[in-house]
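Two complexes follow with chain A in common, the first pairing it with chain B and the second with chain C.
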Partner chain A sequence: MKRIRDAVNGVDLRRFRFWLQLFFFVLLVYGGYMAVNLGQYLPTFACGFNDEGRGGICYLLPLQHQLAMSWGTLFGWAGLMVLQGFLFFALWFFVLNKGWCGYVCPLGTIQDWITSLRTRLGIRYSRYTEGQFRRLSLIKYLLLALMILIPLGIGGALLPHDMGTPFCDICPGRMIIPMFTGDFSQLTIDFSSKTTMVMTALGMLVTGLFLAGAFFKKRFFCFFCPMSALHYLLSKPALLKLKKDGAKCTRCGDCYRVCDMEIREIADEVKEPRIMQDDCILCLKCVAHCPEQGALKATFAGIPIFESTEQGFIKRMTKGHKDEQHHE
Partner chain B sequence: MPHAEHGTSRHSHGGPVEIRRGVYYKNLWLRIGNGPADARYMDSAIAGKLLLVDVKGEVKEFSGGNVHGSYGVNFAMPDEGFYNIYLVNESIRDGLRQINVAKSEVLKHSCREGHDHVKPLMAPRQLDTIPLEIVRERFPAENFHTLFGYGDTITFLVLRQGVPLAGAEVTLHTGRGWRNTVHTDAEGRASFMMIRDYYPPWHEFERRHRQDYVVSAVYASDASGETAAGRYTATRYVSTLNGSYYPSERDYRSYAYGLLLGTFALAFTGIAVYLYRRRRQRRFHEVRFDEKN
Partner chain C sequence: MNNTTSDATAPAYNRSRQAREAETLLDRIQDDFPDNPQAMRYFYDLFRNVYCQGEPVKHEGTLVGTTCIHAPEELIYAFGATPVRLCNGSYHYDQIGADFMPAKSCPLVKATLGSLHAKAAVPNTAALELIVNPTTCDQKTKASAMIEAMGYKVHDLELPPAKESEEARLYWQRSVRRLALRLRELTGRKLTRSNLKTAMARTARAQTAFRTLHQLRKSAPALFLGKDAFLVTNAYFFDDLDRWTAAVEQLNTELQLRQMEGFQAAQKRAPRILFTGSPPIFPNLKLPLLIEEAGGVVVADETCSANRMLYDMTAVDEWLLNDMVDGLADRYLKPCTCPIFTRNDDRQRRLLQLAADFNVDGVVYQAFAGCQVYEMEYRSIADVLAAQGIPMLYVETDYSPDDMGQLSTRIEAFLESIKTRKRNKQ
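Moving on to the complex of A and B:
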């Protein structure tokens, strides 16, 4: 058992994550061609606009559709259907918690690939100042609120029906993910009404911003993702958790430096064992880069599945050097 | 020519419906004329046999009546899928037997029922007892949400008692009165490319603007015979099927503007980051102090 645990704790997380992300990317973007259908309540950006290839549908699409029903219907028997959808979404989510972002989300994977491209080109990445970080972190809650309120406004005949899926209209996933199956039809401006014209124009602007932003800033879009905000509101009872033993932390700051989301608390917080913040994507890079035995750990249903160890840290840190020596 | 827009309470995929105790009901009215542009609603009943083929393929005979002021039918659609309604009318005058078949294919779909069950329900159905029937063939990836637009080619299969009929005259009538007539090929098929038939001012454009069409098939037979209504020396069959199509996405979607905006945002952000980084670069600047000062 100890050998298995040592092997897991010493895993090359970067490689493991790359292959797992690739697997989920193929499953969710091309799964439809292999008759995979994981339903329409997935807590990740499996874009519903990827008509033929999708292996499931992001929950935000049906949620917005459902909330745009007339109030009489929504607050009647159909409300039960909305609750049922939310329950399915929550059940999916409870399994992986925000690991859906770090390991499953196709849009997150695309951002990681763009980051790899930048790294290979030798261009340095950008970071936010603490003030910028605090302010930008709030945008996802604003988007979440708008994503719920706008469809509700449509249901009450207060807003035009053309805004039925407001977040999908501006989500870069709508434009980018279908392109992987050869569908470029979302790269258009819809002139059929003023509302659709504005929303699709915003969508294209956000897409351009996404591509450039993800190039300079790791996981650029995840700061603004309303799905991430929705995740955080449900994350406490989830099975997969990130924990910190503050007594073992030396505050070396390695975890903060490797964090794609620049979460400062991961290094600074030494009192609260439940360290996961709203921006966390549970990529577990912090655990992999922590040299202190058991200071950071990922647990599933209370059972530690991956924890920081000195041996694992040394193994991962010296891997490249060993290869270089070997080549020499 | 059945028509499905005439006093409604709810809208589902497949057109407006009434919902009573959770069950969808459809109203269809009979219109008579030379096409959607000038057809009129019927005030009184027309002699003939009304048949309903439900999603499971069960055939029911039923009767029409006064539906919101005009002659029509009202029927329940408890299951998801296509319902076929036929009105078969037969008469003999001056030895000519005239058989008219009005068919309507009505879809019942609510997204609340999900979309996993759609594929097996898509195939068109036919009724072999119908003297002359038009069946709209499906597009390869058609589903309950598929809308036809200008430029799409729709293919119809004309069947005589369930058997493909070659050489039948098939005419497509659009909502504004445009017509096109072709003849069925050896396999009983006739195809039409839908033309643009909607020219509103830009600010009034509706991408979900529904345009009706009616397709009719005519076939004549010299066979003589006798029915309860009398003797005849020739028979003329006329069959109609109604449908609708919508503005094409090509009419209101622009790749040029989309890519222009996307590229602008990409370039602007990239250049802004580059300039920001350059501005923050501080070159090494050596300051020498002269000890004499």
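Moving on to the complex of A and C:
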């Protein structure tokens, strides 16, 4: 048992994540060809616009559709249907918590691939300043609120119907993910009405920003993701958890400096054991880069599954010292 | 006093005062204790050769002196230079350095100044081509101009007075980059990804060896004595990095064997002591040595001549120059528990964790008379330890051997009280 535990804690997380992310990417982006259908309540960007290849559908698409029903319907029996959908979404989410972001989300994976391309080119990353970070971090809640309020407004006939699914209109996933199955049809501006024109043009802009941003900033888009905001609101009862034993922490900041999401609390907070913050993508890089035995750990239903260890840290860093994959 | 012309007429080095100071100490370290590990011979011989015989310390490339643990050694090695830590523990140099500093100042700073001022100082290194002086405490900060006045080239490595804020972190990262530029100018070499990676790998291997040794000291009854541990880490100040690491790895292997054989380096009931405060630096190992001569055993420490210097390791996410250099900067600032910073929560937490991990019975807090920051933190540390029921002995001392008798009485009483406590608990 101890040997299995040591092997897990000594895992080359970078490689493990790469393969697991690739697996989920194939499942969600090409699963449709293999008759995979995980339903329409997935708590991750399995884009529904990827008609043929999708192995499931991102919950934000049906959610916006449902909320745009006329108020009479929505606040009647149909409301139960919406609640039922939300329940399925929550059940999916509880399994992996924000691990959906760090391991499953196809958009997240694409960003990680772009990052890996950048490092291979020997180009450094950019970081936000602390002030920028704090302000940008709020945008996702704003987007979440709009994503709910606009469809409600449509349902109440306060807003034009062609705003349809407003977040999907501007989501880079809608344009990028179908491209992986050869569908470039989303990469257009819809001139059918003024509203659609504005929304799709905005979508093009966001997609451009996504690609450029992800090149310079690790997980650029995740800071603004309304799905991430929705996740956080539900994260307390989730099964997969990130925990910190503050007494064992030396506050060396190793976890903070490897964090793609620049979460300072991971290093600085020493009192609260539930350390997962709203921007966290549960990639567990912090656990892999913590040299203190048991200071950080991931637990599933209370059982530790991956823990920071001195040996694991040294093993991973030694590999980094020797790795010649980044050429001079 | 400050002219060193007397050096010309001085007796042969091995009969000089500082050689005798070192020799007496080494004799005690070796002869007062039975069953020293075989692998310690490397360190005993090293100190005898360097401190008693005055043999020159060999090094490669440009020699760069450092006056604090904050100077990132990996950077210095990456430029093909060799760092040597100048913090000095000799009473002889303390007296010479007294001319530079006010009467009530830190003996460590005085001794460092004294050794830089003296001709043919020990350890006998080649000429220092640069001294990197991190602006840590007031005394070290002010020493900078004095060292420069002696004719050395000095680089002030600017360290922020707080380490919590993001501003401090970024300021320090810039400071470290500036040091890299200075080293490039000095050595005429370029910092590349591969030479920095190689340097970081060497230091990481040394740190790994240190951590293994550190973990072995958790074993109860004690497997290894603190007097030897301090000698090992003190050797890191000037010894060749790879040779030092190999010697420690050999020591670890021997200790692991001894552990399996059930070897005991001290009595089963010997009080286990955690050492904190001003750093014991050879030949000023009087306090740890007194503790162990009185039947205690120093199982762990929180000082900048041992644990704080070698324990914390650098993490890198992207092995590009910028991330590696920033990673190094973080490692030399963020986990540091030096009392010069505004707050000392991290030091308190580190002490409590060490006390728990190493099954410690009591803490000995050494404050050098004149080392104000340690003196000022005494109260907060005492309160935190008292709240946890961990007894602490606070010792204000300096490099002079005069208080030895008084100290040994106090230490014996402290150890005795711990033993009584333990008996009463049972």
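Everything that follows uses one rule, which is that the second predicted complex is superposed on the first by the 319 of 328 C-alpha atoms of A that agree within 3 Å, B and C clash if a C-alpha of one lies under 4 Å from a C-alpha of the other, contacts with A are read in each partner's own complex, and residues count from 1 in each chain.
Operating definition for what follows: a residue touches a chain if its C-beta (ideal position, glycine included) is under 8 Å from a C-beta of that chain, and two chains touch if they have at least 3 such contacts.
All values reported here derive from a predicted model rather than from experimental measurement.
Enquirer: So if we stack both complexes on chain A, do chain B and chain C clash, or do they fit?
Expert: On the shared chain A, the partners fit.
Enquirer: Using the touch definition from the top, say if A:185 reaches chain B (first), chain C (second), both or neither.
Expert: first
Enquirer: Should A:65 be classified as contacting the first partner (chain B), the second (chain C), both, or neither?
Expert: first
Enquirer: For A:254 in the superposed arrangement: first (chain B), second (chain C), both or neither?
Expert: So A:254 only meets chain C here.
Enquirer: Given the touch rule stated above, what does A:84 touch, chain B (first), chain C (second), both, or neither?
Expert: In the superposition, A:84 touches no partner, neither chain B nor chain C.
Enquirer: Examine A:119 and indicate which partner it touches, taking first as chain B and second as chain C; both and neither are also allowed.
Expert: second
Enquirer: Give the angle at the C-alpha centre of chain A formed by the C-alpha centres of chain B and chain C in the superposed arrangement, rounded to the nearest 10 degrees.
Expert: 170
Enquirer: Quick one: classify A:132 as touching chain B (first), chain C (second), both or neither.
Expert: After superposing on A, A:132 lies clear of both chain B and chain C.
Enquirer: Chain B and chain C, closest CA-CA distance after overlay, in Å?
Expert: It is 8 Å, taken between the nearest C-alpha atoms.
Enquirer: What residues on chain A does chain C touch that chain B touches too?
Expert: none
Enquirer: Which of the residues in chain A end up touching chain B in this complex?
Expert: 37, 40, 51-52, 65, 78, 81, 126, 175, 184-185, 187-194, 196, 200-201, 204-209, 211-213, 215-216
Enquirer: Residues of chain B touching chain A in their complex?
Expert: Touching chain A: residues 111-112, 114, 116, 141, 202-203, 205-207, 247, 249, 252-255, 257-259, 261-270, 273 of chain B.
Enquirer: Within their complex, state which residues of chain A touch chain C.
Expert: Touching chain C from chain A are residues 119, 122-125, 129-130, 246-255, 257-258, 264, 267-268, 270, 285, 289, 291, 310, 313-314, 317-318, 320-323, 326, 328.
Enquirer: Mind pulling up the chain C residues that touch chain A in the complex?
Expert: For chain C paired with chain A, touching residues are 164, 166, 169, 192-194, 197-198, 200-201, 204, 208, 211, 215, 312-323, 326-327, 330-331, 334-335, 346, 349-350, 352-353, 356.
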